[in-house]
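Dropping the structures in below, format is structure tokens.
Two complexes come next, and they have one chain in common, chain A, joined by chain B in the first and chain C in the second.
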Partner chain A sequence: MPDLFTHLVAARAPGIFVRDKRIQALLVIGTFMPDIAYKGLFWVMQTRETFGAATHSFVGVLLISYLCCLFVEESIRKPGFIAFAAGGWIHILVDFIKFNLGAGSCRPLLPFSPVGFEIGWIDPENVVLLIPIDAAILAVAVLLERRFARVQQ
Partner chain B sequence: MFSNKGYGWKLGAALALIAAMGVYAARKGESINPPLWRCVVEPRRWDNTMLWLPYARVVSIHDAEFEVAATDAKIRVIGKSPVPVGGRLTLRGIFRADGPRIELIESRSLPSDLGRRRLLMEVVSVLVVLVVLANFMRHFILRPQVLQVHRSEER
Partner chain C sequence: MFSDRLWILKAAATLGLLALLFTYSHRKLADRFPPVELVALSPDSFRGHVFHLAGHRVVAADARSFQIGTSVGPFRLLTPTPPPVESYVTLNARPVGVRTLEVVDLIVHSGYGWKRPLNYGISILTVIGYLWLVRRRFRWQPQNGLIRGRY
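Take a look at the complex of A and B:
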């Protein structure tokens, strides 16, 4: 995984188009869910690494999102599910940028295929260099969001 | 699907499906990038398997090969090391049972300040989690007592 700041920014930037702050918060939490589930399974439940691989697949994200949305109030459960799933899928797309020498940064097509996939733009040890870029994108996103809010008022 | 009707069943079904998918992924993914120690212990079983070592240290270098120590085992690698003895690298190659050895396909040296970079990333990640949780609590308040009162009123 790249650092959580990169994941946060990747979800928060499109989040400026979500008006409901609660759904926006779920979108951001949703982008952390694949890692929370993976780390939870690995560190707490002591499962094998391949067991947790499903948390970083498109279908796995849908299942985790459904489980998570059951914990929010009924009135916003459906948009909450969409927000969780969108956040999770953004997480997988961001993970694709890593370069793991072609081994694949995650296996997005599980359970249909165990093939790994990566775009390979940045070495995993260099994701720390993304932090200033992330900070700039986040600042622009928050600025735009405030401007939109003023226009709407 | 999103209502409170049959809530317990929905919760149970979601948990069961996630667990089932995990078991399926573990079985199907067993042959993908197995840990080095498993290959070394059972070389015949993992012959010709593609291996990726995310982190390894070069122990010795010879003419056309070098030896690396990963976290769980040591192995000979056929190819040219990108770093001197003691250097760290990540590599990908094909595991061969005779030896056993790895035929190098691709490798990359790892920076010497890898530990510091990781530490910085961890610190930033923890701060991010704290900020996100604080924001989450602004919009969603967990109040078990209120829920209990609400339940008792319903009865």
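Take a look at the complex of A and C:
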């Protein structure tokens, strides 16, 4: 798993185009959810790694997002669900960058297919080295967002 | 689907579907990717099967092989370039004997001992920090079972 700061930046950067700050926050929280669900199953419920693999699948993200959106107020529940799901899917796409010897960094097609996918750009343990780059991208995104908001006013 | 009507039923049904998804996926993965520990019981039935082992610590090494610990005891991995003891490795390997596998692909994770805890530390701080930053966008109304927007 890349660190959640990398995942935050990957969701927060496109999040500058989301006007509603609540939905923007749900987009970022959605990108945390696959790892929170996976680690929750692994550490709290003591399940095997394969049991939580579907947290990093497109179907798994949809179900987790729907469960999460039920805790959001009714008026923003539908856009909240879309934001949670988009965040979760961004998480899966970011996970693809890991190099896992061809075994796949995650299995997005579960439960239909157990095939793993990866682009294989970086050793999973070296993802923390991306943090300075992430911080720079986040700073640019926030600056652009503020400038964009000022122009609109 | 997104209304408050039958809220508890929707939540329970989603939890049930998640449990079904996890169980079905686990069975599918367990069939296709059996745990390497089974090689200790019957190596012959896994001849040709390639096992993927991630983040294992090297507990011993010699000129032609190294050992990793598993829940059923140490396994010997044959390779012309064994990694140093105490390093962490991810590898693909195929069984060639009792508790013995031949390495097909190998990565040695340099700095695993500090990068992994740093990863978890940063992740935990990121989640707590972000939730703290956006807390004003929401109001907690647990008595209604909901997180409400502030505006």
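Methods note: the second predicted complex is superposed on the first by the 153 of 153 C-alpha atoms of A that agree within 3 Å, B and C clash if a C-alpha of one lies under 4 Å from a C-alpha of the other, contacts with A are read in each partner's own complex, and residues count from 1 in each chain.
Rule of thumb we're sticking to: a contact is a pair of C-beta atoms (placed from the backbone, for glycine too) under 8 Å apart; a residue touches a chain by one contact, two chains touch by 3 or more.
Note that the structure is a prediction, hence the values are computed from the model and not measured.
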Fit or clash between chain C and chain B when superposed on chain A: clash
Chain B versus chain C as contact partner of A:C106, first or second or both or neither: neither
Which of chain B and chain C A:L67 touches, first, second, both or neither: both
First, second, both or neither for A:L27, with chain B first and chain C second: neither
Partner chain in contact with A:A83 - chain B first, chain C second, else both or neither: neither
Which superposed partner A:G52 touches (first chain B, second chain C, both, neither): both
First (chain B), second (chain C), both or neither touched by A:I97: neither
Contact residues of chain A, present in both the chain B and the chain C interface: 3-5, 8, 21-22, 25, 28-29, 32, 41, 47-48, 50-55, 57, 59-60, 63-64, 66-67, 69-70, 72, 74, 77-78, 81, 100-103, 107, 110-111, 114, 123-128, 131
Chain B to chain A touching residues, read off their complex: 2-4, 7, 10-11, 14-15, 17-18, 21-26, 28-30, 32-33, 50, 52, 54, 90-92, 105-108, 110-111, 114, 117-118, 120-121, 124-125, 128-129, 132, 135-136, 138-140
Partner chain B, residues of chain A touching it in the complex: 3-5, 8, 21-22, 25, 28-29, 32, 37, 41, 47-48, 50-55, 57, 59-60, 63-64, 66-67, 69-70, 72, 74, 77-78, 81, 100-103, 107, 110-111, 114, 116, 123-128, 131
In the complex with chain C, residue positions of chain A that touch it: 1-5, 8, 21-22, 25, 28-29, 32, 35-36, 41, 47-48, 50-55, 57, 59-60, 63-64, 66-67, 69-78, 81, 99-103, 107, 110-111, 114, 123-128, 131
In the complex with chain A, residue positions of chain C that touch it: 2-4, 7, 10-11, 14-15, 17-18, 21-26, 28-30, 32-33, 52, 54, 88, 90-92, 105, 107, 109-112, 115-116, 118-120, 122-123, 126-127, 130-131, 134, 137-138, 145-150
